[in-house]
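I've put the structures underneath this note.
Two complexes, one shared chain (subunit A), two partners (subunit B, subunit C).
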Partner chain A sequence: MKMHVKNRNVAIIGIGQTSFSSHKEDQNQAEMVQEAVIRALADAGLKIGDIDCIVHGNMELFEMQFAPDLWHSLGTGAYGKDEYRITTGGTTGATLVCAADNLVASGLYNTVLAIGMEKLQEGNTTGGITNMADPLWFRNLQTGALTGTTAQEMIDEFGEERAKRAAMRYRIMMDKHAMLNPRAHRRFGLEYSQMEDLMANSPPLVGELRLIHMCSQSDGACAMIFTSEEKVKQGTKNPPVWIRDHIQIHREETIPNLFGFNKPEVTHHYAARTLFARNGIQDPVAYFDVFEMYDPSAWWAVDWLREFFLLKGDEHLRMLEAGDFDLDGRIPINPSGGVIASNPIGATAMLRPAEAALQIRGDAGGHQIKKEVRHALASGFGGTFWSVLMILEKELNWQEVSHD
Partner chain B sequence: MTEYFGTTVADIFATMPKRFKPEEAKEVDIAIGYEATGEGGGKWKATIKHGTLKVETVEGELTDCKTTIHTDAETFVGVTLGMIGALDALSSQKLRVAGDPKFLMLLLPKIFTPYVAPAKKPDAVTARDIIATLAERFRPEKAEGVAMTIGYDLAGEGGGRWTIIIRDGKCAVREGLADPLTVKMTMEAKTYAGMMVGTIEAVTAFTSGQVKIEGDMAAAGATAKYFRKYVVPGATEAEELISLRVTNSIEQRFATGPVMGRWFAGIREKKFLANRCPKCGRTQIPPREICAWCRVRVHEFVEVGPKGVVTHFDIVYFASPDPLTGAVRDTPYATVYVVLDGATEREAITVDLKKEDIPRLKEGARVRPVWAEVTTGSYRDLIGVELDEEEGSL
Partner chain C sequence: MTMQEDHKDCFVLEGKMALPNQNFAGRLGSRFLIAIRDRKKIMGLKCNPCGKTFVPPREYCEKCWTKIADNWVELGTEGELVNFTVVRYGDRHLPKKPPYILGQIRLDGADTPLTHIVEGIDPRDVESGIRVKAVFAEKTTNTIMDIDHFEPV
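So, the complex of A and B:
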């Protein structure tokens, strides 16, 4: 197996977020970016002059604003600095973190600022996704990220009642988490007693995917600051959070390749087993204290928990039903409320490691997990099942696994 | 009436006729029922038929409505004003739509101008107060070389008749109507005051017949630019937040290349051409230059289909726009994944299923292609598939 060799260790030392909402008419894009950047710099106790390089990302296709990094330099502080731009669909935010990690690990830069943003109200996300789904074929049928196939597969596998209840339980659990996070976009105050009503009456979108299951379309930005182990040793304002390893992978060329007679190994599963194997993690559920997962819909979320945790059969449903994924459960999922609650796409996948890092620091606020968080997992998702998976650590004490 | 966000549900319905855009509703034939529960709520029915609108309050049941909207009064006002996201309200079930929610999302914004909550203070301002400030708001630099007399005949409380004389870079206001006038405007004094303080849109007031204009129409339209905007005394104006509106329409042209191009050349002849990987044997659809799994060049073309088997499907209720045409799709429709006969197990294609066949659709169903009458080498050549029931394999 090929090793992901890191030249030097990299830590997250600053995190800044805006609030997430569908109403940010009082800010333009650059102003919204600036809000997140200022907060990240303050969190790190740094000034823009301390930043050696900037990585910027969003989905141009959604706002249809060409080269937004130029306009946004008013908010990013990139004027006269080295800057890279990243656009990888839903995974953009996670790719930004991977890129910043790589830029610092390589030794080319000591301190890197990464910014993910989106103002989805300014464009048409579903239209954008539809337009890029496939360059030459099937565009006329695409509905962006809306699909009911996973719901149907789960109903076929676990029975209608159990599958529907699992998806709705997950959805309400996310809302309960979002209610604790004042930055979250959609905070409905749902109760588990509303389960039957929502299962029957939420407007259907595609098959059994209903409006309540699907993620929001939000405006917002996230900024993170990364630096080298040497710099951390000189002192940091807040405790550093270490990026142990990350994997960014895509394996499917077209969407129909996923829907033939047999189901291929989902990229999430491939990413998870590859990443865990090269880090010597045998039992991810036991090892991790939190998982911030990119969950675009409640159906996908439940299904993907099995893939990411390398679970078998109905283990993931039993864990969900037992409350293992609750905020005070065995392995809490998305204390922030997840993508279902807040989805500013270019920032969405960055919010996963950002929120996971805040949990490790103990700085998550109202949605902080009660028990100590030492090992965190964060994922990103996009396009034809792209997967990004990242391991964050509180201590710089993990054992390197030897590979030949 | 109980107020939410500074206005009432009743005011939203009362202003509906003024906000209606008949020219956008020529093709529309629908009755929409509204039920707003709680304080300040009630039931209303809006009947829109070929450019006409009837709004009525309803006692008892809402009947004969194609779509009904059920919500609490606060959510209704919030969604109308844009303070609460419509999708958020729908998701949380605070707002329920019986019938097709696409009307809520797509039709209403098209046929109504947005509702604006009435400002509170300006109610006290009369037309007379506003006329009295005209001379001091005059902008001589904008009126250079302009000579006109404008008559206002404003009926009702705070109204009266005035003539505004603009000549030689000066402005004078006289009581009474002069003769001749360049233009004469007749309306309720309240309407004039509303237009000046911004609670009534001038174009709407004119279109709906609330303002009568006699004489030089262009002169009437030009008056605004000769004066600074009227500001209600003591009112602190909210900061103006301008959003720019843009509709992109982009013509694109993608090269298919000599390998994938064979697919389109094939469907022009009503044939499905895949290419077979020499190493793993998979039949790639559409054909690709290499097999990404095996990293080898692929040269051999094979014909697959034309019939196949449905492996998965999606019944779509959400009316998303077709990005190729901009048209809103007719829902529900079915997207089916089909493995064509002779294709390898993972090489599905995605196509539309004939609408009439949706109720009988099952995984494993046999299907056959439905071709366009004229095929040109485009994705439009394959309209979709239909169930192939003669084989009795359902």
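So, the complex of A and C:
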């Protein structure tokens, strides 16, 4: 039986976001979720009664709330409906989108509402994330989510000056994008003239990973509504955005630590080449009009651009230095400001396809790309280098290539 | 027949999670608590289309999705004990020494029960249907424990 073939096509027809902030004392979790849900319903022109199924997700342990989907049903609208809870660490939001896509594609539900949320201000992120580690061999030893390894590897490969400038250029580019997005959490108004100062004086976290490079801890929620092609044909309030394909790659954390083996392929690279091959995309930089990437730090972001776009050597640095990833560059990265600007974790990976879909619709507002966006790429990241990658399309006109 | 299980040389690692956290009551929940704290009033939120009054507060009617956040109604501080259990074990996280009664009270004017501690009656004598009244805490903490407990009228 063929895999990855949809029983029917699925479109995103509603998107709702809260603002992202570390100060949401005025809302409890269910109220914050509901704000996103109400906006998604309004965006889709639907009522809660039009929703057949709800998928809900956030990080385990981060707010110390057991079964939050139970309590949040005051805000999700799940009363009397089928609901599934999904929690896959940082990838949760993207996995929710994959699950909603599959639920509609299967034909089991016509219209599905997916909700990702996090209220990091209420919890203890490092306490939660430390409990991710293998309880037998690593939990007592693990420290949290920060790593300086990629910075050192890039410095080793490209030289200190060029590597540090690349990471800071990316960071300032993200801030310039975030300044155009009123929902973004951290909007500093950084200028490229501040590069040298930030490279030298931003507080170091681990090695050359500095505070300014790292993503925020935000509160916020995102809701998206998905429906079938048949339903879309009956009319939608806003233009539909089609989910062409998605891939999810998981693995255990000790795999890269095998002595005597070559460095294993990065999950992002494996996800990208597999997804592009089965969709006949030869040149992703040429094909896609925008990439909303889950970028937890500026160092990871720069490094991962090479993996996701299947680039070689210093191609990614040359593109960055040439402004190819700028808002109106060849292939804009994160017009929203990305994860570095806003990181409500359970929603973060959902914001990537949500923002990519808004770009396709032309509804991104201040951070809308000026040229037409027809093909969008969105990624999620979490766990021990888990990767989710999905392709969104404006038109329902792609050719199926290989689905073996 | 007794099962023989061999656990020799199978180690168990003790775990202990400590995850400090906060829970924001939000503007609406805080308003509910302020009424209890400052005015000794228990407020509900009424959905007019459904004719149902909810307590504790919620922004939207769970049934029909009408926004009810501004439709406050004052409930009685007395009500009917509609359900209860007797807590008979002690633990550090529990608010009282056992045995004590944990009850669900339908306050006058409400359609949903409020869960709270019932005192002033022996656990052997308690039964559903009795009338109880709120006893407000002398020392307030801006939590639901600003109602200290309920006791028979």
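By our rule, the second predicted complex is superposed on the first by the 387 of 404 C-alpha atoms of A that agree within 3 Å, B and C clash if a C-alpha of one lies under 4 Å from a C-alpha of the other, contacts with A are read in each partner's own complex, and residues count from 1 in each chain.
By our rule, contacts are C-beta pairs under 8 Å (C-beta built on N, C-alpha and C of every residue); 3 or more make two chains touch, one makes a residue touch a chain.
Worth saying up front: this structure is predicted, and the values here are computed from it rather than measured.
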Return first, second, both or neither, reflecting whether A:Gly127 touches subunit B, subunit C, both chains, or no partner chain.
both
Which partner does A:Gln194 contact after superposing on A: first (subunit B), second (subunit C), both, neither?
first
For A:Lys237, using the defined touch cut-off, is the partner it touches subunit B, subunit C, both, or neither? Pick first, second, both or neither.
neither
Please indicate which partner A:Ala30 is in contact with in the superposed arrangement: first for subunit B, second for subunit C, both, or neither.
second
Which of subunit B and subunit C A:Leu61 touches, first, second, both or neither:
second
Does the superposition put A:Arg8 against subunit B (first), subunit C (second), both, or neither?
neither
Between subunit B and subunit C, more extensive residue contact with subunit A:
B
I'd like to know which partner A:Thr147 touches here: subunit B for first, subunit C for second, both or neither.
first
Is A:Ile48 contacted by the first partner subunit B, the second partner subunit C, both or neither?
second
Give one of first, second, both or neither to describe whether A:Gly207 is in contact with subunit B, with subunit C, with both, or with none.
first
Subunit A contact set shared between subunit B and subunit C covers 25-26, 64, 124, 127, 131, 135-136, 139
Taking the complex as given, what residues does subunit C use to touch subunit A?
13, 15, 17-29, 58-60, 62-63, 65
Enumerate the contact residues on subunit A facing subunit B in the complex.
22-23, 25-26, 64, 124, 126-127, 130-131, 135-144, 146-149, 152, 186, 188-190, 194, 197-198, 201-207, 211-212, 214, 216-217, 253, 255-257, 259-262, 264
Using the touch rule from the top, collect the residues of subunit A that touch subunit C in their complex.
24-31, 34, 47-48, 61, 63-65, 73-75, 77, 79, 119, 121-124, 127-128, 131, 135-136, 139
Report the residues of subunit B in contact with subunit A in the complex, numbered from low to high.
82-83, 85, 87-88, 90-93, 96-97, 101, 241, 243, 246, 248, 254, 256, 260, 263, 285-286, 288, 292, 311-318, 320-324, 335, 337, 339, 344-352, 379-380
